[in-house]
Amino acid sequence: MTTRPARVLRPPRIAVCGGSSPDAEEMREAEAAGRAIARAGAILVCGGLGGVMAAACRGASDEGGTTIGVLPGRDPAAANPWVGVPLATGMGDARNALVVSFADAVVAVGGAWGTLSEVALARVLERPVVLLRPGLARGLPLPVAADAAAAVEEALAACGVPAAAG
Amino acid sequence: MTTRPARVLRPPRIAVCGGSSPDAEEMREAEAAGRAIARAGAILVCGGLGGVMAAACRGASDEGGTTIGVLPGRDPAAANPWVGVPLATGMGDARNALVVSFADAVVAVGGAWGTLSEVALARVLERPVVLLRPGLARGLPLPVAADAAAAVEEALAACGVPAAAG
Amino acid sequence: MTTRPARVLRPPRIAVCGGSSPDAEEMREAEAAGRAIARAGAILVCGGLGGVMAAACRGASDEGGTTIGVLPGRDPAAANPWVGVPLATGMGDARNALVVSFADAVVAVGGAWGTLSEVALARVLERPVVLLRPGLARGLPLPVAADAAAAVEEALAACGVPAAAG
Amino acid sequence: MTTRPARVLRPPRIAVCGGSSPDAEEMREAEAAGRAIARAGAILVCGGLGGVMAAACRGASDEGGTTIGVLPGRDPAAANPWVGVPLATGMGDARNALVVSFADAVVAVGGAWGTLSEVALARVLERPVVLLRPGLARGLPLPVAADAAAAVEEALAACGVPAAAG
């Protein structure tokens, strides 16, 4: 028998929050954020449905990353096709608190009231938040990143993970 | 046997949301909102703790109203002294979704991230929101009331309850 | 200004748990339990839907008691007609934890897996449980009451409330 | 650009439930169940703490499997060292509903009220349950497996996954 490791690897978990009806630019940003998260070896957490959530999962899965979808309903099959770990909460919109609580840091891409609730709950739970596209969160005292790469880098730095080498 | 009524009275439920460290003006407004809710025959719902929550409960209980406190912890004894119905969720800050979901309409009095999360969750759940003191919610597309009486009147009207006679 | 009371009355809250398809005897027992809870000045908490929940609410409301329904869905109008305070959790079956957490003690009337989950969660949360009809909970180390009056008396005693005078 | 896959792999998720103070035999069974889950390519879901949860995670991680810990508190660092994906719910014991809701099937190893609540909630949510050590669930209409390998095989079969080749 080989020596058992003292603990397993625990990659950082970054949530990407955003609406289900984003514009084309938000879709590109969300997908780029998902790619950057996976390339950094982090796990993507999201709400598991369409729009920004699907774009981020597609980006992360293209890079071979792990994608967790925290779903409002009871049926894991409702997740978008790029969610590898669908988690059916059955808790409806109260699951928004879980999306951000499950992550070490949060990147928000536009969105409306649902995304704003996730941003606010993240701050209540003391999870760092970076705005990639501000949406309804514009005007709040939160950092705004220039692009997806910067947003993910800032989110990872907030978790204590050094920026990935080029 | 007497005739059984077809259904019981179901008074409207108005949530008052706000922080645990309000300024003096916010305390006065919260207490006045609580009074107005009770005078209208509505039930006050809040987070059950101190600050704005306690002031609203004090106002409502002074008028003989029913006060519900939706607590983050497991111990109902943690409620402020003017909560008649302490509901211990044990769900931490995820209880913010319940505070607004339990109400027909929401009045927000100042506050920081927690209150903002309640405002946003209320809109996700399609509960009408009236800002009495905007706090972090300033700038959002929500009605701002001139004073507590107007805020409660507007909240009740949004539930379909006519304004109380003088 | 009159002297403000130091705190409001906080009546005990007793949950009645049971299934939505009880037999006639369970319906009678649930209604009698609701009556006994209201006569003792306690608040009835239940899941807010039909079957045992509706029977208990009918009994309590016949006696002028307060009835709280902790609903799985988002719509308070889904409560049975004898619920005076419908609380829409939107949390699906995860609301079972709230039904018992909101109460000081629990009376179970028959039921299947849902009721068993409430009984078990009540014990996790250290809420006393009295079985009126054991249902799936038969065989568990829990007290079984002879009738509804005894069940409610035992539940109230477990909360520290003395038995009501004749 | 390479052809994007239509969807990502979505391995089955099996929950192992059990208490934090198991006996030595329960620890061995839990670890063996964790190993069997990982060997089958499934993901282990558990409550993330000690006892049966830690033993199952240790077994699964020894085999290179993915381990998810659904924690009651807010701090992911509270997970046992063999949890690779710690999910901090902040929901206290109400998280029991999530442990089983996140899984396709459940294996229970002994345990007391908490485990019984998970077994009952799993049935409410129509997740198949296999008892490896019955604990308080003895007497309930649920299948009891002869050993850990059989329990995991039965759980996977209930999810529609064929038994692993020898």
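Letters A, B, C and D mark the chains as written, and numbering starts fresh at 1 in each.
Just so it is clear, a contact is a pair of C-beta atoms (placed from the backbone, for glycine too) under 8 Å apart; a residue touches a chain by one contact, two chains touch by 3 or more.
No experiment lies behind these values; they were computed from the predicted model shown.
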Farthest-lying chain, centroid of Cα atoms versus that of chain D: B
Chain D against chain C, contact positions shared by both copies (same if over half, else different): same
Chain centre separation (chain B, chain C; CA means) in Å: 25
Chain A and chain B: spacing of chain centres that average the CA atoms, whole Å: 32
Rounded Å distance between chain A and chain C, as computed from the means of their C-alpha atoms: 40
Chain C residues counted as touching two or more neighbouring chains: 74, 89-90, 93-94, 97-98, 101, 125
Contact footprint of chain B on chain C as seen in their complex: 4-11, 13, 43, 57-58, 61-62, 66-68, 74, 76, 79, 81-90, 97-98, 101-102, 104, 125
In the complex with chain C, residue positions of chain A that touch it: 74, 89-94
Partner chain B, residues of chain A touching it in the complex: 93-94, 96-98, 101, 113-114, 116-117, 120-121, 123-125, 136, 138-140
